[in-house]
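In what follows, a structure is listed as C-alpha cells, so that the remarks can point back to it.
First chain written, first letter: the chains are A, B, C and D, and each begins at residue 1.
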Amino acid sequence: MTKMKIAFNWASSCGGCEIAILELGTKLVDLANKVDIVFWPAALDYKYSDLEAMADNSIDVAFENGAIQNSEDEHIAKLLRAKSKLLVAFGACAYLGGIPSLANTTNRDGIFASSYKETPTTVNPEKTFPQTKVQVREGELTLPEFYNTVKTLDQTVDVDYYVPGCPPVGEQVSKVINQFVDGPLPPKGAVLGASDKSLCHECKRIRTDGKITKIVRTYQTISDPQKCLLEQGVICMGPATRGGCGSICLDANAPCRGCYGPLPKAIDQGGKMLSALSSIFDAQSEEDIQKLVDSVPDPLGTFYRFSLGRSLLRRTKP
Amino acid sequence: MIAAIEVEKRFEPKIVGFLCRWCSYAGADLAGTSRIKYPPNINAIRVNCSGRVDPTLVLKALASGADGVFIAGCHPGDCHYTNGNIKTLRRFKLLQKMLDQFGIERERVRLEWVSASEGERYARVVKGMTEDVRSLGPLNWKRTVEAVA
Amino acid sequence: MQEMQSYLYFPGCSLRTVAKDFDRSAKACARALGFELKEMQGQLCCGAVMSNVDDNLMTKAGPNRILARAQQEDHTLVTLCAGCYNVLKRTGLHAKLASSSQQVINAFNEESFNGGVDVLHFLEILRDRVGFDAVGKAVKVPLKGLRVGAYYGCLLLRPFGEMKFDDPNRPSILENLLVRLGCTPIDYPARTDCCGSYLGVSSTGNIQPLSGSIIRSARSCGASLLAVSCPLCKYNLESSQLQNGKGPPPGEFLPVVYFTQLLGLALGLHPEELELDPRQMQAIREAPTPMVQG
Amino acid sequence: MKRVGVFVCHCGLNIAGNVNIKEVVDKAGKQQDVVFAIDHKYLCSEPGQALIKDSIRQHNLDAIVVAACSPAMHEPTFKTIAQLSGLNRYNCEIANIREQSSWVHDDVGEATAKAHITVRQSIRKVRLNEPLQPITVPVTRKVLVIGGGIAGIRAALDVANGGYQVYLVEKSGTIGGRMAQLSETFPTLDCSTCILGPLMVEVYRHPNIKLLRLSKVEDVKGYIGNFKVRVRQEPAYVDEAKCNACGECAKACPAQVPNEFDFGLTWRKAIYTPFAQAVPPAYVLDAKNCLGLLPQACGECKKACDKFGTSCMDLDAWPRIHDLEVGAIIASTGYELYDATKLTEYGYGIFPDVMTSLEFERMLSASGPTTGEIKRPSDGQTPREIVFIQCAGQREPETALPYCSKICCMYTARHAMMFRHKVPDGQAYVFYMDIRAGGKGYEEFVKRCQEEKGLLYLRGRVAKVYEENGKLIVKGVDTLSGKTVQINADLVVLAVGMIPSSESHELASKLKASLDANGFFSEAHPKLRPLESPTAGIFLAGAGQSPKDIPETVAQASGAASKVLGLLSSPTLEREPTVAQVVGELCSGCGICLSLCPYDALSLNAEKIAEVSEALCEGCGTCIASCPSGALTLRNLTDEQMVAMIEAIVE
C-alpha cells in the first residue's frame, strides 16, 4: 500500500505553526511510517521548483499556515491548491487572518512607513523602501508585491478543512494528521482539532453570574486563579472562542486571546464578544456605561486579535 | 439663484431599522395614522425589544451593504421589559467606540429613544438620520474592502 | 486697565430719528456700568412687525440679512427697540428651524444664515449679564419715592412661545429694575394692554380709547411717570394726551420716559446727557422726595 | 422548502391610493418559494379572508405573507384565518405597507419601492418560520383595581359580582374620589353623593372585595394572568373594624389642618374623617400633621378614644406590606386639575375671589364649606355678578393644555344654573369658545341654561382679570358682536382642565403601561381596544385614560370589568410561544445570559447548560443578543431570520 503524501508550507506567519509540528518530536518518526512528507521548506531543503514539478492532485493533504499578505503567498497558495487533493488552513493566520490581519487596520504605505521610517530603532537615512523590482549590476532583483489587505487562505483559494490555534496545540495536531490517515473525515469546510463549545466549557475557573464593575489589563492586577477572569475585570475571550486548546493560557493565569476562533454558530467572533462583554457591564446610567466603555482599551484589537481577516468588516476604512 | 434652491438627483441611502415593538414601532405606526411624512430610506425590522439587537447584526448590515443602521427603543425607565433598552445602550456605546476604529462615521449607526406617543418625533429622527447619512454618501463596505485589496 | 466688555448692538431706524434719546441714554448707561454698545456693520431696516408674516418671505429678507451680517461679528446682538427685538429674535428662531422656506430666503439673500446669533434685549443684558443687583450697587442717586408705572406693551412679551422674555400677563422685569433704582413701581392693570401701535400714525382717532385708557389706568393707580422700552408706545402714549397738537396743562400730563433715562439718572448721569426734556425733569423733580440735581 | 403565498391589501385607497399594488404583487410573485401572489380590496373583510382561505387550500400553501396594515391592527385576524385554513398560525407574517409606507411617503414610486422591500422581508422571514404551539399557563383568578373613584368602585363591584376576589387599592383615607366632592351631576342634577354613597357602602360590605385604603402600589412583577404586586399600606392608627366614628378623637385633637377635601376652604383636625359618607366609616390619623407620633408628643386622641370611644386606636401601628397575586390589573387612577396659578392672565392665587370650578363645586355642596351658600371667599358676601370662564388653560398648545377636557361645558352650565337658583337676582356670564355638549340630554340641558334669565353666554375668550376697587374686572371679547367686553364681577370661576393624577407616571412605569403625550394611559387601540393598555393584562377605566364624564367613566369601568371577567373565565391562558430557546449542544455554560433575564427565566442545569423556563420567558431576546456562542435563539426571530431580513433590505 502506498503511503499518504502530505505537505507543509508557510505563508505570512511567525513560524509558530511549524514549531507546533516539530513539537510532535518522536511522534514525527511514527508519522513518517504512515505518511510521506513531500514538501516542507521550513524543515527540509525544498524549492518551489520541486512543488511546480509535481503533478496536479499528487499531494493527498497540504497543510498551509500563515495569512496571505503578498503576491508570493498568493502564488504558492494557488500552486499548492493545484497540487493537492485536500488543502487545510492550518493555524489561526491561514484560517482567520490571525495577528497579521491586524495589518488591515492600516495599509501597505502605513506599514512601510512604520517599519522603514518611524520606529525608533529604524536607521534608514537613504529612505529605502521595499521595491518589487530593482536593477543592480548583476541584473534585476525582485521582491513579492506587498498587499494592502491581508486575506485568509480561503479568501484566496478553495479550502477543505480548518485547524485553528496560534499555534494549534500539539496533541490536536497529531490527532488531526491521524484523522487524515485513518479517517473518517467530516464534511468539507469543517473545523478540525477543536471543540464545538467555547473555552468556558472546559475552563476550571468558577463563575458566579457576576457583573463587570471595572476593566483592568493583565499588568494592572494579579488575578485569582480560581475565579472567572471576566468577573475580575480582565477581558477574557473565552466565551466567544472555541475550546480544545486545553485552556493552557488560563492555566498560566493569562486570559484567552481568542486564537481558536469563533464558535460554529457565531456570525462574528469580535461582535459576539463585544456584545457578551458589554451586556454584563454593571451600569445603569449613561454616564456609568460610558465610564466602563472608556476603560476598554482598543476594542477592535482586543475582540479581533486573531480574526479580523475573517470578520464581517475585515478591515478598517482607509 | 433659483437653481441654488432646486435639488438635483440625490443619493438615496439604504438604512436598516430595528424598532422595538412596544414603543418605537408603535410610534412609527402613530406617525402613519397621523399621516406625518418622512423619507422612505429606513426599512424597519420589528423586534420585541431593542435588547434583541445584537451588535453583530449591526456589523452584518453594514458589511452587507447598508449605508446606516437605526436602532430605536423605549425611553429609559419605560422599557416593556424593565431595562432591555439599557442593555442596548451598553452594547451600543461599546460598538460605537469600535466603529470609530473601523472608520465608520457615528452618524451612520444611531440609537434613539422613541415612545409610542412620539409619532412626530419618529418622523423627525428618521428625517434627520436620512439627511445625515445622505450627506456622508454611500458606505458600500464591500467595495471599500476590495478597493484596498 | 483691561479692555471694556462690549456687546454688538442694533439700534434700528427709530433710535436714529425720533428716539435718539433712547439710543444715547442707553449707550451712556452702558458706559457707566462698564460695558459698551458697539454698533454692528451694515445695518438695515428690520422690516418692523411686517416681517413676522409667514405668507410673504420677501419681508423676511431684511431681518435675515441683518442677523447674517451680525453673525460675522459676534454671536449675540443687543437691541433696545421692542419692535426690532421682536422681529429679529423671531427671525433668528425661524432660521434655526432650517425649514424649506429658510433655504429659499438664504438662497435669495445668497447667505447661509442658520440662526447662529442670539438676539438679546438691553434689559436682558442688565438682568442676566450685568445682574440687577450689580446695577443696584452702581446707583449713585436713588430715585427715592419716584412713582413709576412700567409699561410693557406687546412686542417685548408676545407671542410668549417665541419671545419667552417674561410672563406675558404679569411681567416684572422692568419693576425689578426700577426697584433697584430706588423708584416705587406702580402696579396697574393696563401695563400690558395694546397702545394702538401703528394706528397712532394711520388713524389717530383710535388711539384715545387705547393709549388713553392706559394713561388713565396708570394715573388712577398713582403713577407720576411711565417708563417704556418702545419708541412707538412712547409716541402713542404721549400723543394720546395732546388735544389737537397742543398739550394739556402740565399737571395733567403724565410724562413718558425710556427706562434707560431713569437708569441714567440713578447712575448719576446728567439729564442733558440723557436728553430728558424739562417737562419730564419737572415730573421727576415734583415726585414726593426729589433728590435729583441739575 | 416552503410554498409561500402573498396577499396584498388595497385597504380601499388607504394603500392603493399611494402604492402601486400591481407592482408589489408582481415583484412578490418572483420571490424565491413564492408560488402564489394576489391582491384584494379589503383582506380583513369576509370575502378577503375567504380569498386567503381558498387560496391556501387551492395552492396548498404552507406559509403566507399578508401585506396590509400594521401588525398591531390585524395580525391576530390573519393568523387565525391561516389557522382555520389548516396552517400553523405562526406560518403567517404581516408586512406593514400602510402605516409605514402608503401613509408616510408622498411619492407613489417611493412608497411602492418601500412596500416591496417590506414584503420581501416578510417572505424571507416566513420561509424560515417554524410551526409553534401556544404555551399554556395557569391564571390567578384575582384582580387588582388601582384607584377608588367611581371608576374603580364600579369596576371592583362588577368583577366581584362576577365571583372573583378583588383588591381595591386607594391612596387616600376613603374611596369615592372626585365624584364624592361634587354637589350635583349633569344633566339630571342628581345629588352626587346620594348616588355614589350606596355604591361605596356596597364595596365596603362586599365579601369579594378587599379594600386597602392609604395604600400605594410599590412593585409589579410577572405578566398577564400571573402578576405579583407589592402594596404598601400606611397605618390609619385606627382599627377600621372597631371605630364607630364617634368623633371624640377629633374633638380632642389640637392640630388644625386645611381640609384638602374642600381645597383648604375649611379646616379639619389631624385625626379626621374626610366627609360624612366616607368609606370605610372610620377615622384616620394623618401622621404628617399630627403633633408627633415618634416620639409621641400629644396622644390626646387616643386618650379620648379610650375614655369615651371604642379604644380602637394604636399609635404604634406600622405600615403593612401586602404581597398580592392577581391575574389582571385595572388602572383607574383618575384626574387632577391643571395648576390654575400658571394661568396668570386670570390672577388665580392672587385675587381670592378667582376660584376653580371644583372649589366652586364644594361651595355649592350642602356638606361644603358654606353649606351650599354661594359666598365670596374674600369677604363672605353673596356675589351678584359672577363670571364663568370655560376652557381655562385648555386648547392652548403654546402655553397650557393642548386638549379639551370634555366636561367643562356641561358642569359650567350646571354651575351657572345653580348660581341662578341660589342667587335669584344675580347675573351670570359664561365665556366659551364653543359649546361641546355631545351626550344624551346634554345639548338640551345647555340650551335650558342659556335660556335662563340673568344668564348670558358670551362667545369669546377672556384676556385678563384684575382687581379694581373691590371688583374683579374681567376684560374679554364677544366674537359674535365683535366687541370687547368688560364685566365688573364679584366672583370669577375658572373651568380648569383635567390632567392625569400625579402618580400615574410612576405607576405606569411599574405596570410597564405606556402613557400618551399628555400623560394619560394609552389604550391598545383607540377604536378596537379602548379598555386595555398595550401591555397584556392591564385594563383602563376612567379619567386616567382621557378626560371623560361620569356616565362614560362608569361605562368604561364596566367594560374593563367584563374584559377582565372574560380573561378569568378560563383557569389557563395561552401565551405566545415565540420565546427564547437553548440549543444544548452549542451552549458552553458561560453564564453571560443568566444575569440579563428580567424574569429569572434562565438557569444552568447540572451539565452546565443554560435552560429557559418557557412560562417565565417574555421573549424580549436580550439574552440572545448577548450569547457569544449563538446557542440561544428566539423562536421565529432567529439570527438566521434577522440576517435574511437585513439582506432583504439592503440587496
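Rule of thumb we're sticking to: a residue touches a chain if its C-beta (ideal position, glycine included) is under 8 Å from a C-beta of that chain, and two chains touch if they have at least 3 such contacts.
Since this is a predicted model, take the numbers as computed values, not measurements.
Peer 1: Most remote chain relative to chain C, going by C-alpha centroids?
Peer 2: Using the mean of the C-alpha atoms as each chain's centre, the farthest one from chain C is A.
Peer 1: Decide which interface, A-D or C-D, involves more C-beta pairs in contact, and give its chain pair.
Peer 2: Counting C-beta pairs in contact for C-D and A-D gives the edge to A-D.
Peer 1: Just give me the whole-number Å value for how far the CA centre of chain B lies from that of chain C.
Peer 2: Those two chain centres are 47 Å apart.
Peer 1: Indicate the whole-number Å distance between the mean C-alpha point of chain A and the mean C-alpha point of chain C.
Peer 2: Measuring from centre to centre gives 75 Å for this pair.
Peer 1: Using the average of all C-alpha atoms in each chain as its centre, how far is it in Å between chain A and chain D?
Peer 2: 59
Peer 1: Among the residues of chain C, which ones contact at least 2 other chains?
Peer 2: none
Peer 1: Using the touch rule from the top of the page, what residues of chain A touch 2 or more other chains?
Peer 2: In chain A, the residues touching two or more other chains are 266-267, 272, 275, 279.
Peer 1: Enumerate the residues of chain D that touch no fewer than two other chains.
Peer 2: Where chain D meets two or more other chains at a single residue, that happens at 596, 622, 625-626, 639, 643.
Peer 1: Per the contact definition, I'd like the list of chain B residues that touch chain A in the complex.
Peer 2: Per the touch definition, chain B meets chain A at residues 54-60, 62-63, 83, 86-87, 89-91, 93-98, 101-104, 141, 144-145, 147-149.
Peer 1: Which of the residues in chain D come into contact with chain B in the complex?
Peer 2: Those in contact with chain B are residues 70-72, 96, 98-101, 103-107, 110-111, 113-114, 117-118, 121, 508-509, 512, 514-517, 522, 534-535, 596, 598, 618-622, 624-626, 634, 637, 639, 642-643, 645-647, 649-651.
Peer 1: Could you list, by residue number, the parts of chain D that touch chain A in their complex?
Peer 2: On the chain D side, the touching residues are 583, 585-592, 594-596, 608, 622, 625-631, 639, 643.
Peer 1: Can you check the complex and tell me which residues of chain B touch chain D?
Peer 2: Residues in contact with chain D: 14, 16, 22-23, 25-26, 28-29, 31-33, 35-40, 43-49, 51-57, 60-61, 64-66, 77-84, 87-88, 91, 115-118, 123.
Peer 1: Quick one: in the complex, what on chain A touches chain D?
Peer 2: Touch list, chain A to chain D: 196-201, 207, 209-211, 238-240, 243, 263-267, 272-273, 275-276, 279-280.
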